[in-house]
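Structures given as C-alpha cells follow.
Here come two complexes built around chain A, the first alongside chain B, the second alongside chain C.
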Partner chain A sequence: MIGSKGSLNADHCEKEKVVFKKITLEKLGDLVSALKEKGPLYAPVRDGKAVNFQKITKTADVTLDFYNTVFSPKFVFFPQTEDLIRYTLQKEGAQAEPVPIAASPSVILGVRPCDAKSFEIMDRHFLGAGIIDPYWKNRRDNTVVIGYAFDPAAPPDPADFYNTVGIHAADTEGSDVFMVRKDGELLLKGITKKGESLLKGLAVLDAASAQDEAFFDETIRKDRGVKTRFTEITDTAIAAKLVGSFEKQEIWEEMTASCIGCGTCTFVCPTCYCFDINDETLFRKGARKRFWDACMFTDFTLEASGHNPRPRIFQRYRQKVCHKYSYHVTKYGCISCVGCGRCTRSCPVNIDIFSIVEKVANL
Partner chain B sequence: MTNIKQIEENLKREAKRLLESKEVSVVLAYARGYDEHHPLPYAARTAGEVGNLIFNEYCTYNLARYLTKYPPKTKIAIAVKAADSRAVVQLIQEEKVKKEDLVILGIPFIGMKDPKTGEEIDQKTTCHMANPVLYDILLGEEIRDAGAGSPYDVLAELEAMDQAARWSFWEKEFSKCIRCFACRKACPMCYCDPCFMDASRPRWADKSPTADGNLMYHLTRFYHLAGRCIDCGECSRACPMDIPLHLFHKKMAKECETMFGQAAGMKIDDKPVMVNYGNQDSDEMLK
Partner chain C sequence: MQNPYIPMPVEVVNIVTEVDTNDIKTFRFAFVNKEDEERFQYLPGQFAELSILGKGESPIGIASSPTQKGYIEFTVQRVANLSGGIVTAALHDLEVGARMGVRGPLGNSWPIEYLEGKNVVVVGGGFAFTTLRSLIHYMLKEENRSRFGDINVIYGARTPGLLCYKEELAAWEKRKDIRMHVTVDKRDETWTGREGFVPTVCREIAPSAENSVAVICGPPVMIRFTLPVFFELGFSKENIYTSLEMRMKCGIGKCGRCNVGEKYVCKDGPVFSLAELDTLTREY
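Take a look at the complex of A and B:
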C-alpha cells in the first residue's frame, strides 16, 4: 500500500510519501483553472434541473453541490457519437481517412465512487476481452479520475443500491485522486501514481495537515454508515439464479409489464457499452460513425431477414438484467452494475432494476 | 375534491368487482414502485392482485399508452385522469380501441406531482382539465371549480419571440436530444409499429443523434401528432434531457383548435381533424 511503513521491497526502500493536499472551496475556481490548463477538463455543471458532466469552458460553471449526475461520465471515454473514418465518395470507390484518436491528457473532476468503479468494469470489456479498443484505451490512459466521496452525513438517494454490489460511499477504488469535503475545504489524496503526479503539479493546492489526514481517513471509515438499499447477493449465485429464471416467462412479463421499451436506462448507465456502427453520407461526404445502441430498442436484434429474436419488451429487459448480472459474471468475472440508481431515477415509468434483481435472487 | 385515499379505495372496489364478475380481464392502474413517490403503471389480472393497486398524487403516467398493446377484443378497465381520458377518446376516434371493450374509471383530480421533481403538474405542462371527458364510473366527485387559466397561457413567452429567436430556441433544445426515444414511447398517440425512425429502408434520419437528424425526428413527430396530441405532457416528463416538448405540441394543438374548431380527444364522435374535411375548415395552412 502506498505510504505503508517499513516496506522491505527493494524498489520501495525509500519511504514513499502520501501526496495529500487541500484547498478551500472558495478557491475551487483556481483549482478548476489549473486543471483546465493541463488539458480538457470534465466536471459537473448545473443545467436547469439537472447536473451533468461537461467539458468545461467557463471555470465558474463547475459545481460540487450535487448528489449525482443524471448521465454517467462514461462519455468521456466512450462518447455517444464518434467519427471513426471520414470519406468522400468518388465516381469509383471513395477517398477515406481514419480519424486520428485524440490523445490529449484530460481530467474528470468529481466522480462518485460507484462511477469510478464503473470505469474498471468497462476496462474488462474494452481492454481485457482479447481485442483492445484503441479509442477507449487511449482516453483511459490519458485521463486522471478525481473521485469524490458522497457526503457521509447525508442519506443516500432512495434509488441507489451500490452497497449491494460491494461499493461504499467513500470507496477510493477506480479513482486516481480521491476528494473528501471538510466544511469549507476539499481534501485531495493521491491514490495512484498518475494521481499523485497530477497533485504534485498543482501549485494552487496547499499542504494538508495531520488533522486533515485523520479527517480524511475517518470519512472513509464512516462511509459504512451510509446505507443504500441492500440485498445479499454473490456474483456467481445471482448469475446462476438468472440462468435458472430465463424460461420463467410469466415472472419476467410481470416484472417488466410497465416497461415502455425506451433506451433511457441504458443511456444513463455507466456500465452499458453497446454500440452500433453506421455509415452516414450526405452529398457524397460522410463518416463511418460509432454511437450508443441499446438492447431495449426494438431494432437492436432485428435481422436482415426481418426476423427478430427478441421482439417483446420482457425479452429485452431480461437480456439487460442477464447481461449485467449473469453473462458478464461468466465472461468477465464480475457484475456489470454499480448500483448507482440512475436507470431507476430516469426511467419514465419507475422500473427498478434493484427490485427485479432482488426478486430473482429470492426465487 | 374527493380525498385521494377515498379515490384509491373506490378504485380498488371497482377493480375487484370488475375482475370478479369477469366484466374485464385486466385493470390498468397503478401499484407501489420502489417507494411511495414512484408508483408503477400496473395491470391487475385477478381480484387477488387488486390489493396491489394504489392511487396517489405521483400517479402521473398516462395509461392509455398501454391500451394498444393488448390484442383486439380484450376487455380492459383503465384508470384515467382528465388528460388520459382524452387519449382514450382519441384512440377510439382513430379506431385503435373500441369503446365497447373498455370500462373507463375516471379520476377527477387536481394536484398531480411529477415523481422526478416533486413539482405540481399544472396547466403549464398538461391540459388543465380536472374531470375526465369520458368515463363509465367516476371514482370521485366531479370538480366544479378547476381554476382559471388556459393550457395555452404558457406559450406566451414563445409566441412573443420573433421567428429567428424561436428557431434558435428549438435548435438549441433539439441539439440536446440523445434519441433515447422515451418521448415517443411514453406518448399514448405514438403507436406506429415500426415508427418511421426505426425504418432502415428508406432511412429518414441518421441513426446517430446529429443535430439535423434530431430536427428530422422531432419535426416529423410533431406533425404526426398534429390534431392528435391530447396535451398530457408525458413526453416532457419522460425526457431525461428536460427538453420542453410539450410546448411545441401545445402550439400545434392551439393552431389546430383555431383552424378547425376542435381539440383532440374531446368527443367520441369527432373525427380527427387531419382525416376529416369540412367546408368551414380554415385555409390558413395552405397559404
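Take a look at the complex of A and C:
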C-alpha cells in the first residue's frame, strides 16, 4: 500500500456539510470557461490519437473522453525545461537575474486517481525531506487538482496495475475536488478545503441531489473491486526482495535484455523526478535551465574523469526499479510508482516494469 | 524563502598554482555580499557548487577552514576532455578580480564531534588532500587543538612537484602538535624527504588503532591498498572515514543523479564511514 496518510488529509473536509455539485456534460464548456477565469487551466486535449494535458486557450479543446494521457500531468508543477537564471555575458562578467517563480493560482482538470496520488508521492521528495524545492512548492500550493474517476464501465488498460499498489479506480486521495461521470452528467465533490472553496465559487454548477451522492459513493465503493493485475505487492517486502536480488546480475541482464535505454519510460512517468541543470547560451544571451533527465541515459552518471559507475543498460534499469520500489520505500516510506501503466504502453520494446517487479517478488 | 538553486556572487581575490604541471590551482573567493558570507557557515569536508554562468556548475570540496575568516578556498584540477570539465577549464582561465558564483555549503562534513577526544590519522593522496587540509587547519586552530588527541598526517603525491600546499606542509612540519609524514612515489634531485607509496608509509608508521580514527581521501588505487593496512592495524570500519565523489547537479538531494542505494551522495555524504558504505548497494 502506498502510505495512507498524505499531507492533504489534514484538511480533508470534516463531517460538516460536504460540497457536492453537478453539471451536465453539454455544459462542460461553461465549466471550463469558469475555471479558466480563475487562472491558468490545464486539462486533457486530443491531439491526433493521443490525449495530453495542455494549458487551455480554447474552451472547446477540452475533452473528458479519454482513458489516460500519454504524458503525466507532473509538468504543471515540474516543467520539462525551465529557466532558473537568465543572463547576458559581458566582458566584465555576466549580468544575471534569477527568474521569479510564477505563482498564479491554477487548476488541473481531469486527473486520474493514480496521477493525483503521484503528486503526493512527489511532495515527499520535493517538500518533505531536507531543503524544500521552491519551484515545486510554489506551484503545488497554488494549484487545485480536480480528480476524475476511471469509467467503471470501460475495462482497465492491461498495462495498468494501480490496484496492486493500493490505488482504486475512483480513489479520491490526492485530489482537491473529485469528479465522477454519471450518464450525461458530471458529479463533483469537494475533498479538501481548497477544493471546496473552488466549487463554492463556481456559479455554473448545480446542486447535486441525495441520489447523486449515493451514486457517487457507490461508484467509489464498486471501483475498489476493479482489478488490473493480480499480484499484490507490499512496500517493505518488495523493497527487501530487490536489495536481495541486486547482485544477481544474470537475472537483471535477462529481464532487461531488450531495453535500448531510450528513457521514454521516465519521461512519461508521473513520479520520475531526476533532472539536469545546464547553461544554454546563444550570442551571449542565455539561461541556466533545469531539464528532465533520466537514469536510463549513459551520461547520467558519467563523470568528467571519464569514469562511469553505470555504463551498462542492465545497471541503469536496475537502478530505476530499485529506486522506485526499494530506495524510495526506505527513504520516504512508500513506493514511487502509481501503476498508471504509461511506461509499459510507451515502451518501444514492450518492457513491462510490473512483470519485472513481479518476477523479483517471486524469486 | 532562500532559493537553493541560485548561487551567491563571489570575487576571485587570489589564485595559487599548486603544482608544477600547472593544472591544479587554489582559488580564494571573497563574498560580494556580507550577508552571504554570514550565511555560508560550513565545516571541513563540505563542498559547494562553483558556478560560472554560460558554462555551468561544478561540485568542489572546500579547501579552506571555517577558522579562516573572510574568504573561502577551493583547489580545482582542470579536467577538460570529451566527457566534461567545461567549468573547471573556464575557472582556470579566470584572473584575480573576476566575479562568479558559489552555491553552498553542501553535504555533510568530516565527523568533527566524533573525532573529539580521539587521535586522528589523516591520510591523503594527490590533490584529494583539499578537504583534509581544511580539517587540519580546523584542528590546529588554538581554541580547537585541545579537543583532539594526537594528529598524524600521511600525505603523498606522485612527485614532489605534485604536492599541494607546499608552504603549509613546511610550516606544519615545524610544529610539535602535529606529526607530518609527507611522501612521494618517486623522488627527484630537489627532494630530501620520504620516498614510498602512501600504503607502505602507513604500514611503516603503524599508527595505533587505540582510540583513533583514520580519515582517508585519495585516488581509488591508493584507497584500495591503504584500507587493508588500517584493518591490519586494528582499525574498525566504524573508525575509518572517507569522502565519495560522484557526478552531481543540484547538490541538495533533489536531482537524483548521485543516488546510490537509499543515499544521495550530495546530501547524505560525501563523507561516509566504511561501516556505512558497507550497507550501500555494491555499485562502486
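By our rule, the second predicted complex is superposed on the first by the 348 of 363 C-alpha atoms of A that agree within 3 Å, B and C clash if a C-alpha of one lies under 4 Å from a C-alpha of the other, contacts with A are read in each partner's own complex, and residues count from 1 in each chain.
Keep this in mind: contacts are C-beta pairs under 8 Å (C-beta built on N, C-alpha and C of every residue); 3 or more make two chains touch, one makes a residue touch a chain.
Keep in mind the model is a prediction, meaning the values are calculated, not measured.
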item	value
Clash or fit, chain B versus chain C on superposed chain A	fit
Chain B versus chain C as contact partner of A:346, first or second or both or neither	first
Touched partner set for A:127, first chain B, second chain C, both or neither	neither
Which of chain B and chain C A:25 touches, first, second, both or neither	neither
Touching partner for A:309 - first (chain B), second (chain C), both, neither	second
Which of chain B and chain C A:278 touches, first, second, both or neither	both
Partner chain(s) touched by A:85 [first = chain B, second = chain C, both, neither]	second
Contacts of A:289 with chain B and chain C, given as first, second, both or neither	first
Larger contact residue set on chain A - chain B or chain C	C
Partner chain(s) touched by A:48 [first = chain B, second = chain C, both, neither]	first
Partner chain in contact with A:264 - chain B first, chain C second, else both or neither	first
Superposed arrangement (fit on chain A Cα atoms) - minimum chain B/chain C Cα distance in Å	5
Doubly contacted residues of chain A, that is, touched by chain B and again by chain C	276, 278, 299
In the complex with chain C, residue positions of chain A that touch it	84-85, 87, 89, 92-94, 96, 98, 101, 125-126, 129-134, 137, 243, 246-247, 273-279, 281, 286, 288, 290, 293, 295, 299-306, 309-310, 315, 319, 322-323, 326-327, 330-331
Residue numbers on chain B that touch chain A, as the complex places them	33-35, 38-43, 61, 65-66, 115-117, 178-182, 184-186, 194, 198, 200, 206-210, 234, 237-238, 240-242
Complex contacts: residues of chain A adjacent to chain B	48-50, 70-71, 80-81, 158-159, 257-258, 260-264, 267-268, 276, 278, 280, 289, 291, 294, 297-299, 344-346, 348-352, 354-355
Contacting residues of chain C [partner chain A, same complex]	1, 3-6, 53-58, 79, 81-85, 88, 98-100, 245-247, 249-250, 252-257, 259, 261-262, 267, 281-284
